[in-house]
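The structures come next, written out as structure tokens.
Shared chain: subunit A. Partners: subunit B in the first complex, subunit C in the second.
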Partner chain A sequence: MAELFHRKLERTAIGFVVAIIAAASVGGIVEIAPLFTIHTTVEEAPDMRVYTPLELAGRNIYIREGCYACHSQMIRTLRDEVERYGPYSLAVESKYDRPMLWGSKRTGPDLARVGGKYSDFWHVAHLNNPRDVVPESNMPAYRFLARTALDTGDLQRHLRAQQALGVPYTDAMIANAASDAFGQAAPDSPFAAGVTERYGEKTQVSAFDGVVTQLTEMDALVAYLQVLGRLTDAAYSNTAAPEQAPDPTN
Partner chain B sequence: MAVEERDPVSGQKTTGHEWNGIKELDTAVPRGVLMFLVVTHVWAVLWWLLMPTWPMVTTYTKGILGIDQRQIVEQDLTAAQSQRASWLKSIETQDYAQIQSDENLMRVVRSTGRQLFGDNCAACHGADGKGRANYPDLTDNDWLWGGEVEQIAETMRLGINSRHQNTRVAQMPAFGRDAMLDRTQVANVATYVQSLSNPAVTTPQNGPQVQAGREIFLTTCAACHGEDGKGNREVGAPNLTDQFWVYGGDMQTLINTIHGGRQGHMPTWDERLTPAEIKILALYVNSLGAVKP
Partner chain C sequence: MVQQLTSGERQNALIILLCVFVAGLAMAAAGGSDPLGMHGVIVMLFGASLGALVMRSYYDRQPDPDRLSHYYDDPIKAGVALTLAWAIFGMFMGVWTAAQLAWPDLSFDAGWSTFGRLRPTHTTGVIFGFGGNALIATSFHVVQRTSRARLAGQVSPWFVLLGFNLFCILAVTGYFMGVTQSKEYAEAEWYADLWLVVVWVTYFVLFLRTIARRKEPHIYVANWYYMAFIVVVAILHIVNNLALPISFGQAKSYTIWAGVQDSMVQWWYGHNAVAFFLTAGFLAMLYYYLPVRAQRPIFSYRLSILSFWGITFFYMWAGSHHLHYTALPHWVQNLGMTFSVMLLVPSWASAGNALLTLNGAWHRVRDDATLRFIFVAAVFYGLSTFEGSFMAIRPVNALSHYTDWTVGHVHAGALGWVAFITFGSIYTLVPSLWKRERMYSPALVEVHFWLAVAGTLIYVFSMWNSGILQGLMWRTYTQEGTLAYSFLDSLVAMYPYYIARACGGLLFLLGAIVAAYNIWMTVRAVPASAAERQSDVPDTGLAPGAAATPAE
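Entry: the complex of A and B
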């Protein structure tokens, strides 16, 4: 009978075309349909801020160096992960991650909440040579980051691209992208004030690699690592995990 | 309309079509593959019924089993909390001396503390707490801010030069870079500082150098490190007369320290750890200091 049905279907051109379209669209529907209800699945986070130009540049370096191949940014809803890393990741926390960097493999630890856990100095030492601070580490050394000047020339265009994708960068943020990137890593410079003005008082402004005179890729990557998990406090109010939200004044 | 034609070699039916003299056998899908397809489809339908799957307009199908991973992890965490309740309550309410005198509680402190230490502190201070250059050794009983359990807990809570609003602040100025001392003066002070912990440094040849360093030390460094160089825990100024060094006691490191200053950083753990966890860690770190004065 199945054979007869198939034989019949094959001989009806229109019917067969419709059947092919129906079968082939299943994959698309499965991926697209959940987006219709995205408003009910992504949490609200009014305090969520966008990445600063320096953090965005660091994020690009994170992607370029393939950090995501060994580090995830996704704390799953499992007891051991919540107890080790902090509250499980929420969808809203990746709202401005384009593309997202959740990852699926952990050779190194999860980094979703690494921001503020270690000092800038530690991150610089660790990226220069991980064995200096973690003897058993098998992470490669990224010494060249501190020697490589950060290319700020294309930051405006990076921000504009993110804006086109729906990340709410204002025109002032885009216009000042390069000076904000410099100012965030030079706390005493005249450019630093603009960073907190545009991105909020909680934005960390510090000499990330310890050298204020030159903006390096090390500055950018450490700035990015230090903001991971700190764009919003939403995850802390959403869980019964015994965690306090980061104090905004800290 | 069905064309019945059999292949003379295999005896199978053909499709009835002919492409340039080639005919195709009309072989049915193997039974095994067909079964596999049927089973996976049935499994998919069952799964749709059991688990949360299909999006609706404003909600989604919850599934018969009613599984919600967020609820599961909350339950797991609550269960873990109640498993710990027997000792957590005591640690939260009792003071440090009481806990230290209770061997059962201290056993918990040692095992839980070791885990918390490995997760949070070991990145800088090492898994054994012995530190390394730039990160203080926690086992040597030489403390920057005090080694009493209360003081350790306070240092962890506030951090050092951290983002906590009441952070402990320790800033050694850059005497050389900011031109407060010239090169010779820096070298002289470094020699004097070295002589504090190692009298052998002073030789008849460098006697005047050490003496000159001592005078600069008394006017420039003594405010924080004390006239005797034994440090001041109020401002996190280390004791310079012992064998324990944070950044290193060799000549080059000392000169670097005096020239460029030091602003060590310890993050605040106030927001990342609960008060009970800080308490456990403080007791654990305190117990690491095997060398008692």
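Entry: the complex of A and C
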């Protein structure tokens, strides 16, 4: 009977294609659509902030260089992971991440909570040549980041695109994108105050690569690494994990 | 190749290429110094060089008016050549990245050559370049032979093949420049994605129109799989790549999906790229070239139906097994796990169907290296789907996820299944396509076979070892209840396996080079066979049943 039916179906190309589309659509619809409607999917975290322009630029460098190919940003709910890397990751922590960078391979360690774990100086030395600080490492050297000036000219466009997609960037944030990027890496400059004003007191303002006169890609990437896991404290209060939040003043 | 087109068709080809050129010019102008501008130049060069090729033969003699009563094989020949070129490129990048993990200074202190940028050139090069060209070429071959009809277009097959390669070129050159969306297996940016949609829709229409011309009442099994491959990849590609560019003059875009929803969309895409690109399309090859080569009909029609619909329905649920123990809600993880385990049934139905087809032809498997390629492919297909279903079980995935075990599983599938079935199909296809009596050197096919087997085994065993070791080291506790190993300890333990893997990969690459040489010499040096030429024609209503089709 079923075989007879199939014999018929095999005779019409359009019918067959429609059957394929029908059979193949169910799984995706059932698994994806509810993620938007069930509101417990993403936890509430009122203290969650957006990336500063400098951090966003750093994130884009992380993407450009393919760091995600070797580093995950997703601590699973397993005891050894929590003890090694910190409280397990919550959905809300990547709420503004387009795209998410959870990763699928750990050639290097997880980075979901690397923010505040090392000093800026350590990161710069490590990125310049990982084997200077970790002799056994197989990570590539990224010396060119410190030599390359950060392009701040299009930061406004980046923020505006994010805003259009629903990330709560204010118009003031967009208008000041370039100066905020500069200010975050130049603590003594007049632009630094605006950064904490717009993005919160906890925002780390420092001369990330040690040179305040020029804003480099190294500044941006280190700023991003230092904010990983620190956009919200939700993971420290909502989970059973015993860890304390790292001290933001490193 | 151009000689096969009428002057009207040559003109159409030129118009299309002119449009491509103008699009490139617009991209170059809008992009300026952005990588988008660089890509504009590449598009212009692509359009211009193909345009020159058409121009060179523009005033050549018109094609034989009889051409429509033959199969259209020129695009397939070009497709085979491109498959081999991408195989060598993609696998070379694989060996290079493998070596970088063992010897990190192999990136020579430049940006473009670091591991993170090279890795997607490998994955795109092999999956889309090598696999994609093989799929397009064989689909053109299989659909014509099983429908006993000529392709339903003269220019469109070229448009599909070359347009797809333009996509691959844009993707790969983009990664070197740092242009990437970072979505695994969908790294290419928005303009390349848009272009692929145009190419893919053309492919879909061409394929359906050819099927509509068939002289057989039934659509052959292989074509079911090709249809599923084309249709579902289109759906996956469009949904996963929805994005907002920051401006029309820049390569960078932001995806419309964020965070946890993005993770599910990405792995719904990612896993089904495996299912409908790396599995369905290659099963189509299996269902055609296996019976042809073994000269036996497929063992069971019912098993074919069962496995086809099982795969089409179940696979789409399985993506969440890439997200076990993450911030993705539990219920989705459990659904993914359940369906992944159920997936074993249709997967083994296919593998079993293939192996039972060979039952009775084992002497051929022993003597014929080409058939042995197909046989090994079926075995590895069974193996890697078993492994996959096993790894999808949550507690198993707790160990395997993030480790080299995943990479071992990937390459059991990618080398053992995808590459083996492709080479088996190509060795079957090449002599019949170029109407040659045989391959240039059966001995070299044999050499390739053993290089490939050795390479695959070395690769897969070293990654199984390293992955399981890594997973165990991460979770080992001392008696005091503290973690026994630092992350670095586990990395140090990986080096021997990384070196072994690079060696295995090198053997596999050498095999692919041997194949390319052998095929080149077959085309150049082997005498033509008259018999093939006469029997291999479409059914025009004059000579019913003249062409050989595999039985169901």
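Of note:
Heads up, the rule we're going with is that the second predicted complex is superposed on the first by the 218 of 250 C-alpha atoms of A that agree within 3 Å, B and C clash if a C-alpha of one lies under 4 Å from a C-alpha of the other, contacts with A are read in each partner's own complex, and residues count from 1 in each chain.
The criterion applied here is as follows: contacts are C-beta pairs under 8 Å (C-beta built on N, C-alpha and C of every residue); 3 or more make two chains touch, one makes a residue touch a chain.
Please read these numbers as outputs of a predicted model, since none were measured by experiment.
Because the two structures share subunit A, they can be overlaid on it, and in that overlay subunit B clashes with subunit C. After overlaying the two complexes on the shared chain, residue contacts for A:37 are found with subunit B alone; subunit C is out of touch. Of the two partners subunit B and subunit C, it is C that touches the larger number of subunit A residues. By the touch criterion defined above, A:98 lies against subunit C but remains apart from subunit B after alignment on the C-alpha atoms of chain A. When both complexes are overlaid on chain A, the residue A:27 reaches subunit C alone and has no touch with subunit B. Of the two partner chains placed by the overlay, only subunit C lies in contact with A:138; subunit B stays clear of it.
By the touch criterion stated above, A:116 is placed in contact with subunit B alone, subunit C being left untouched. Of the two partner chains, subunit C is the only one that A:13 touches; subunit B does not reach it.
When both complexes are overlaid on chain A, the residue A:83 reaches subunit B and subunit C alike.
When both complexes are overlaid on chain A, the residue A:125 reaches subunit B alone and has no touch with subunit C. When both complexes are aligned on chain A by C-alpha atoms, subunit A residues 3, 7, 36, 40, 77-78, 83-84, 88, 134 touch subunit B in the first and subunit C in the second. The part of subunit B that touches subunit A in the complex is made up of residues 2, 28, 54-60, 69-70, 72-74, 76-78, 80-81, 119-120, 123-124, 126, 132, 134-135, 162-165, 264-268, 270-272, 274. Within the complex, the subunit A residues that touch subunit C are 3, 6-7, 10-11, 13-14, 16-17, 20-21, 23-28, 30-32, 35-36, 38, 40-42, 60, 63-70, 72, 74, 76-78, 80-81, 83-84, 88-109, 130-131, 134, 136-144, 154, 157-158, 160-162, 164-167. For subunit A in complex with subunit B, the touching residues are 3, 7, 33-34, 36-37, 40, 77-79, 82-84, 86, 88, 116-122, 125-126, 132-135, 204, 239-247, 249-250. Residue ranges of subunit C in contact with subunit A, taken from their complex: 100-102, 104-105, 107, 109-111, 114-117, 119-120, 175, 178-184, 208, 211-212, 217-219, 224, 227-228, 231-232, 235, 239, 244-247, 250, 252-266, 268, 301-302, 305, 309, 312-320, 322-329, 332, 335-336, 339, 398, 401-403, 406-407, 474-475, 477, 482-483, 487-488, 491-492, 495, 498.
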